[in-house]
Every structure is written in C-alpha cells, then in structure tokens.
Amino acid sequence: MNRVAMSRAASLLRQTRRPGRLGWTDILSYAYLALGVALMFGPVLWLVLSSLKTPAGLLEFPPSFLPLSQKTISVPGHAQPLELHRVRLPDGSVKELAQVRRIGIQATMVDPANPAGPVIRVPIEAREPVREVAFAWSNYTEPLKQFAFGRYFANSLVVTIVATIITLLINSMAAYALAIYEFRGKNAALLMVIGTLMIPITIVLVPVFLVVTQLGLNNSLWAVILPGAATPTGVFLLRQYMLTLPRDLIEAARMDKASEWQIYSRIVMPLTLPALAVLAIFSIMWRWNEFLWPLAVLTKSEVYTLQIGLNAFQGELQTQWHYLLAMTVMTLAPVALVFVFLQRFITTGIANTGMK
Amino acid sequence: MSETGSPPRAILRDSHASRLIQAVAGLLDRPMAWIQRAVGGRGMAYVFLAPNILFFGLFVFLPIGINMAMSLTGGTNLFLSERPFIGGDHYRGLMQCGSYLDPASCREDHFWKGVSNTLKFTLFQMVAMVGTALVTALVLNRKIRGRGFFRAVYFFPVLLSPVVVALIWKWILQRDGLLNGAITLAGGEKILFFVEPGWAMFWAVFVSVWAHMGFYTLILLAGLQAIPADLYEAAEMDGTKPMRVLTRITLPLLWPNLVVVLVLVLIKAVQTFDEVFVLTGGGPGTATLMVVQYIYETAFANQVQNFGLAAAASMLLGSLLFALTMLQLWIARRKAA
Amino acid sequence: MAGLVLKGIGKSFGPVEVLRGIDLEVANGEFVVFVGPSGCGKSTLLRVIAGLEEVTAGTIRIDDEDVTGQRAAERGLAMVFQSYALYPHMSVYRNIAFALENMRLPPAEIEARVRRAATMLRLTDYLDRKPGALSGGQRQRVAIGRAVVRDPKIFLFDEPLSNLDAELRVATRKELAGLHAEIGGTMIYVTHDQVEAMTLANRIVVLNKGRIEQVGTPLDLYNRPANLFVAGFIGSPRMNFIRGRVGPEGRLVTPDGKVTLPLPPGLAAAGEVTLGIRPEHVAPCSAGEADARIAVELVEQLGSESYLYGTLADGTALTLRSPLEDPARRGEDVPVRFDPARLHLFDAAGLAIRP
C-alpha cells in the first residue's frame, strides 16, 4: 500500500462513531474490510500490471511486482544500445557499466562515461542488470493487428446493443399490456412469465439449438441475440414500475385522442425511464458476459463474441499469456468503466430488485 | 423503488433518452393506428403482449417439449423427424450404476462424477458464500466510514464475466504465478493447484465465491438496513451485550432474507459451469467436472454428439431446478404474507 | 337541440350497482353540475360520459349520435381530472399541444391554438416549464388549458378544485364561471361541494346511491326540493326536519305530543309527515308571536351573523340563523317563529307535498 492509501486508511480508522474512542470491534471491522479490498481489487490490479509485462518479464519467477525491463544505454562506438549492469569490481567498488558482449560466464563491459576507455572483463555473477519500469503496450496493440480481437469486440458490441434494444422494446410492451389492460388470458400470460423464470437456458440448451438451426440462424449473431431477448425478470420489473403510474395520466391521454401505441410510447415509456435504465444495465451486463449459450451455438471464429474468443485464445495460446492478459483487461475495461460511473445506481438497483 | 435507486440525471433528461424514444416510436404511429383500427382498443393488449410471448414460446416453451421428445429418441441427428424413438433408454442409461456412491461403476460415469462434483461444490459453496456474505454484510452494516466505497469494492467482481474472472485467477494460480511466488518467498514449495484434485475443487469454490459474494452481500445488507434502528436502541437501553443483539435481534429478523439468499445460491450453484470450465476445464481428469459441463460436452463438444442423452440429463437437472424454484417462490410468498 | 342525452344508464362493477336508470338531457352551452355525497356515483357517471367506463345498460347520445360503444378518444370530449393528470415529462406547452398533435393538426395551427389558450389562462410565461415547477393554481389552469385548446363538444370536470386551498378555490371558481361565459361550451362538472354547485351551475343534478334525486336550477333546488334528500343536501347549515303527524286542527303534532307547529298553508296532507324549514327562515321573536321555543345548546358567532343550535321540547334538533351579533346565550330558552311561506312538507315516503 502506498503512503496516500496508508494515511487515508489511518484517517478512516480514527473516525468512528464515538470520536476519540476506537473499540476493538471497530479495529476488527476495518481490518476485515482492508483485507477485503486487497482480496477483491488485488487480483484485478495484478492482472493489469501483468498485462503490461514483456513475455520475458512474465516468465520471471518469483514474479516482480511492477513491469520491469532491462535498461539499455547508447554508447558511442557501438551501433546497438547496450545493456546496463551494476557490476561489483574486483576492488570491491560498485559501478554501472554497459555490457558489450557476453561469452560463457565472462562478460565484456565498458564504462559508458568513458567509452574510449579500456574494456573490463567480469564474471557474470558479479553483475546485476539495472532495470526500469517499462510498459509493454505492444501487448495491447498486437492482438488488434494479429488476431481477430477487434472483430470479437465488435461482435460483442453488436450483440449487446441489439439484444438490449430488443429486450427493452418487447419487455416493456408486454409489461405495458400486463400493467394497464384488463383482458382475457391475462392471468395465463402472467403465469407464463413466471414459468419462464424457472427455465434457464442451461436446461434447454439442445432444443434451443435445434430451434435456432431450424430458423437458419446458426453461426449468425442473431442466434445469440434472439433466444434471451424476452426476459421474465425484465417484464416483472417494468410491470411493477408501471403499476405505480397514476391511472389518470393514461385516461387523460385517452381523452386527448392518443392511440394506445401513443399512450405507450409518449406517456408510459418516458415515465418508466428509471426502470428501463435498470433493465438496460442488467441486459448490457448479461449480454456482454454471456458464455454458455454462445459457446454452444457459435462454432465459426468470425462470429465469436469476446468471451468465446477469449476462451478460445486461452486454449490455443497457452504460451502467449502476454496477449491473453491484455485482451482480458480490454474485455473487462468497458464493464469497469460503466461500474465506476454508475456504481451507486447499479448497487441500489440490484438491492431493490434482488436480481442480477 | 427508493429514490436513491433512481438513475443519474443524465439518463433521465427529457431532452435525450425520452426524445429518442419518441422519435423512434413516432415512426410506428401510423402502422399501429391501423392495427388498432383493425383489432380495436382492447385488442391492442394482445398486440403489445405478442412479441414477448412469441419469444417465450419459441425459445422456452417449445424447447421444453422438444427436449422431452429428444430425450426419448436416439441417433445422432439433430432433427426430430430423423430420430428413432427409443423410449426411456437414455434415462435408464443415465441411471445404470453398480453403486450410486461410486461414479466409476456407472455406465455414464462422467454424468455421475458431475453429479457428485456438483453436490460437493454446491455444499462447500453455499457454506462459504453465505458465510462470507453474511459477515461482510454485518461489518458493512456497522457505522463504517466509507461504506459506499467498501460495498462497491465487494460488488465489483459481480459485473465481471465468468471468463475474465477465471482468467484472472488462472494467472494468479498458475505454476509460476503470484501465489506460488509468495509461497516460494515464504520458503515453501510450489503447489500445482490445477493438478491436485483437492486444490482444484477448493479454488473452483473460492473463485466463484470471490466473484458472486458481493451480490448476496448487497441483498443481506438491504435486509439488515430494513431492521428498525429503534430495536437496537431499545437493546442498548436494556444493556444487551453485542453478541446477544446479534443472535437475538439481528439474525432472527434477517432470517427471511437469509433463506432467500440460501435458495438463490443453491439454484445458481447447481447450474455452475462457466467459471469452473474456464478455470480448470473440469480437470484434473474429471475432478471438477460439473453436470452442466457434462450436458454441454455430450451435446456439443464430444466427437459423437449425443443430443438425446444430453436432453435426458438436462431434463433431470431441470426437474431439480423446478423443485428448487417452487421452494423459492413458496418462501417468497410466505415472506410476503 | 340536445347536446347530450343519457337514457337508462346503468353501471355495475361485478355485483355492485353504481348507477341505476339515469335519464338526463344536457342542452348545448349548458353548465351542468353533478353533486352528491361521496359514493353516490357522480364521478362514475362522468367517466361513463367520457367513455372511460363502459355502461352496463342504457345509451349515450352526443349531438344525436349514439356514442355508447365508442371509446374515450373517439367521442371528442375533454376532461379536467381531479389530479389534473398533467404529463410530468412534458413542458406546459407540450401538455397543451399533445391532443392537437394526436389529431394531426398542422403545426402552425397547434401553435396558434396553444398560444391563444395560454393567453386566456395567463400561462404564457410558463409554457416552457414542467408541471412539477408550477404552483397548484397554475397546474389547474394548465389542465383547463389542455381541455380548452381542443374545442371539445363537451367539457368534463372531475372535482377540479378539490386540490386547491380555500382562497384559490374561490378565485378559480370565479374564473371558471368567467370561462364558461366567454367560450360558452357545454360543461359538465362533478363536485361534492354544494357551494360550487350553486354558484357555477345553470342546472344541478343531485345524485344519491346511483340515482338522480332531482334536476333543476340552483334556486329551484333551494326553494322547491323534490324530496327529503335534496332538501337536506342543498343548503348549509342543512334544513331542519321535524317529524310528526297531521293533527286535528291541521297542525303538525310531534309523536310525543309536546310540540305542535303550523303547516304550510293550502296543502292537503294527512298522516305521517316531515316538516322542513331552513335555519335562515327561523327567527327569534317575542313570546307572543312564537311558533315554538328552543333550548339553546350552542351559539356560533360569525360576526356578520350567528347560528343557534338548540332543541325543541320533544328533543328534535333545530338550527337557526340570526342576523344579530349576540342573539342568545347557551342554556337560554328562546321563542322562535317560522316563516310560513318557507315551510316544506314531505310525506311518509320522503317526497315533497306540493299544492
């Protein structure tokens, strides 16, 4: 933990309910929470740091905390930059020297301050590389060029956006019908929605695959978008919200010669925006993170979503962790950004609806 | 919905989201007016309901029927018309066991291995998940500075995709990873976490708790905050010891929420697949193979795609989930009453 | 020509009959007020006319066209709701324009109409505001503006003043009367406040338990109530009722025989009757000309006038109004005189006995 965080933690500890008195339970609580912060954020932080290391840096064991790499220096008379080492000289003094070449256990060094001076030969165990923090940004740029990462990202984006729009539209329409109208079969429809709640895609994997195949949607993004578009949770959430709208508003709109569609789109939808926003965020989360169904239905790599692509990478590119880690960071970045901005809204929304 | 649950103002500003909705909806004004003329104002209820119900029918209810039919037919063809009827053979095959306590003695040894792994996983995960979520919620319910920040920290992994979660931990737990580095520095020997069955199961449970406990913490915290403050004040006036407050006031009043969380965890745990699949691939061997992975592989990943067997297995899993969901609804209704 | 004709209207919610056999004609340009105690069905009747509720019996005709089966949007009526029902997400301008947009009028025409209505209702400065940023009175005017701008066949008002404070209510009442004089539309107005009814209406429809008790001009109802219910409902404080039977000398005798009172002249009545007299038609007098004496139990001094609450010798409550500031004290025995021209008489069934 750095100093700023330390001082903040210290000020946290000082301010408890009774100023000036810190019970042992308070200390225990803050200790627990501090451990929690380390455990929850640590792994993500480690992922981000690791993703900026070079392949050589990743192979290091035990791993270094920060991305480090060999410092090099340009020395007149040498075409290539030379590695900089800290060398213990036979007389016991320590000096930073540039390495000209290494043969077996002998290294030939030159003093960068005096490039014309004599070369110094030292055993390799007498030198220690000088390293500096260096971020391997190529881990991020290369996958975009070499692999279809950009395409997976675009596929995920399309799936998420299109599916969320469809979900918002058809769920709100159904919720509107179930909230505003009295009609024959309403209870049956409500029961159907509840019934759907009990049947996750896990259970109907094979037959949904059959339906999608029959519809000719195999290996298209529609195969991922359509099956989950009608969500029972969404219908319930929106219906509950619509039930709280004053009936007078709808009747006033009817008196104002609005058609039923206009009442839905001009009056009810705008007034349901808070609930729609909650559903939109859930839907974005579901779609961006969805795994099992796309895994089953997408077999051609050009339609892979990010999650499937990532999973395929980790199978194929076992040794290319530097790319895999960078791609993982890129996959979680949008979610992290959304969370940073909408954190309070998301957590209260979930606490209120009890869904995820 | 409480007012703190309303979205940031930017989303709600009439000039943006609302205008967009209205502009798009405006395109449908005329077609919808024609439809209303055709079906009448009352009939519009069905028009509004139709798309959603169509999706439900196509991707939920029809598949249930197909699933049943598929589980009773054999062969490797996907299309029902090409599949011979074989009755309950798949079910009999799934149930055929020398001893139900030993998966290796079963004809579908992977299925039973999956069942036993899922049971183990569910049991450990429920205890660990509810335990940590409860403790965390209790701590966060104290008069803590920066509660919002801590709540966010615990909640953050909930939003991460299972693949990302699994890869984060795979990187930490690999042979030359952070954890083994720490163990080596402390003078220990490297542990091959994904080669030893016990460790693999431990980390499968650990990672899924890490990823999801924030959600249950949130639910329990909401339950804790619904307990009226004057109860605690009364207890304080009575000189009740903190431990007694916990066991006599907090936990009994939180109990309904705790039961809801238990059942939710149970329903999710039984369906565990993605995190564990990416983290361990079901290995070593079949040490962390779950039922859902068995279904997925039987239908989609194996050389011979046995759709019927997968359908039969999913019917069995489905009946279990149905029972659990009924339990959940029953509890929810009792809680509401 | 009749603007609105209701014939045999009935409305049930399940087994509960809310309206029964309502017959009513409303002429064009008339201001009709439905009044009655809560639960009498007046709001339901208004909603039936609006098309927001379907009737279970009877027919509704507007301008000689049968609209019974038509929906609210098709009837060409406008309504001002008790809650105003302003669309909270739209500006005042868009609230008023919404119906016109739905009717697909040309934008220039919409603009002109909205501006005209806004000027009339002094809303021009608020057109860009949302309803949430308006005062109660302003919201009320927006709700009226939303109706006016449509130029509807009939205006419907559902207790539109009940959410305003007393002062504003009186002011808005006057504005409504002025509005009716200015635009001259047919208006149907529901209220439980009889002062609103008396001051606004051309004709009042008194409803009770889903039936029409009486239809008439405000003074008609005040001077010639058709039955006990109307007599008791119209006028404040309410009319005094004294039950008894017609005695041998053509006077009313209370059941215990302790009180005898004069009956209105020229009426043929016999048997069980109820005598009615309004508080303003009873006056303290000298002992010689007294019709009765009351024991005063409560005196309300309002400055401009006073109310005495007391009982007759048989225990019947009697209220009277006096123009004096200090007419009597609690506990006093006051001789009173009934204005013989203002006596009402009702038979055993509660119907008015008329010559």
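Remarks
For clarity, chains are labelled A, B and C in written order, and residue numbers in each chain start from 1.
As a working rule, a residue touches a chain if its C-beta (ideal position, glycine included) is under 8 Å from a C-beta of that chain, and two chains touch if they have at least 3 such contacts.
This is a predicted model, so every value here is computed, not measured.
Each chain's centre was taken as the mean of its CA atoms, and the one lying most distant from chain C is A. Nearest to the global CA centroid, when each chain is reduced to the mean of its CA atoms, is chain B. Chains A-B form the pair joined by the most contacting C-beta pairs.
Spacing of chain B relative to chain C, judged by their CA centroids, is 61 angstrom.
With centres set at the average Cα position, the gap from chain A to chain B is 19 Å. The mean-CA centres of chain A and chain C are about 66 angstrom from one another, to the nearest whole unit. Residue positions 14, 18, 41 of chain B are each in touch with at least two other chains.
Among all residues of chain C, those that touch two or more other chains are 71, 73, 89.
In chain A, the residues that touch at least two other chains are 259, 262, 266, 270. On the chain A side of its complex with chain C, the touching residues are 246, 248-249, 251-259, 262, 266-267, 270-271. Residue ranges on chain A touching chain B, taken from their complex, read 12, 15-17, 25-26, 29-30, 32-33, 36-37, 39-41, 43-44, 46-47, 50, 59, 61-63, 169-171, 173-174, 176-178, 180-181, 183, 185-186, 189, 192-200, 202-211, 213-214, 226-230, 235, 241, 259-262, 264-266, 269-270, 273-275, 277-278, 285, 288-289, 291-292, 295-296, 307, 310-311, 314, 321, 324-325, 328, 331-332, 335-336, 338-339, 341-352, 354, 356.
Residues of chain B that touch chain A in their complex: 1-2, 4-8, 11-12, 14, 17-18, 21-22, 25-26, 28-29, 32-33, 35-36, 41-42, 44-46, 48-49, 51-53, 55-56, 58-67, 70, 78-80, 135-136, 139-140, 142-146, 148, 150-164, 167-172, 176-178, 180-182, 184-185, 210, 214-215, 218-219, 221-222, 242, 260, 271, 273-274, 278, 292, 295-296, 299-300, 307, 310-311, 314-315, 317-318, 321-322, 325-326, 329.
By the touch criterion given at the top, residues 50-52, 71-73, 77-79, 81-89, 98-99, 102-103, 146, 150 of chain C touch chain A in their complex.
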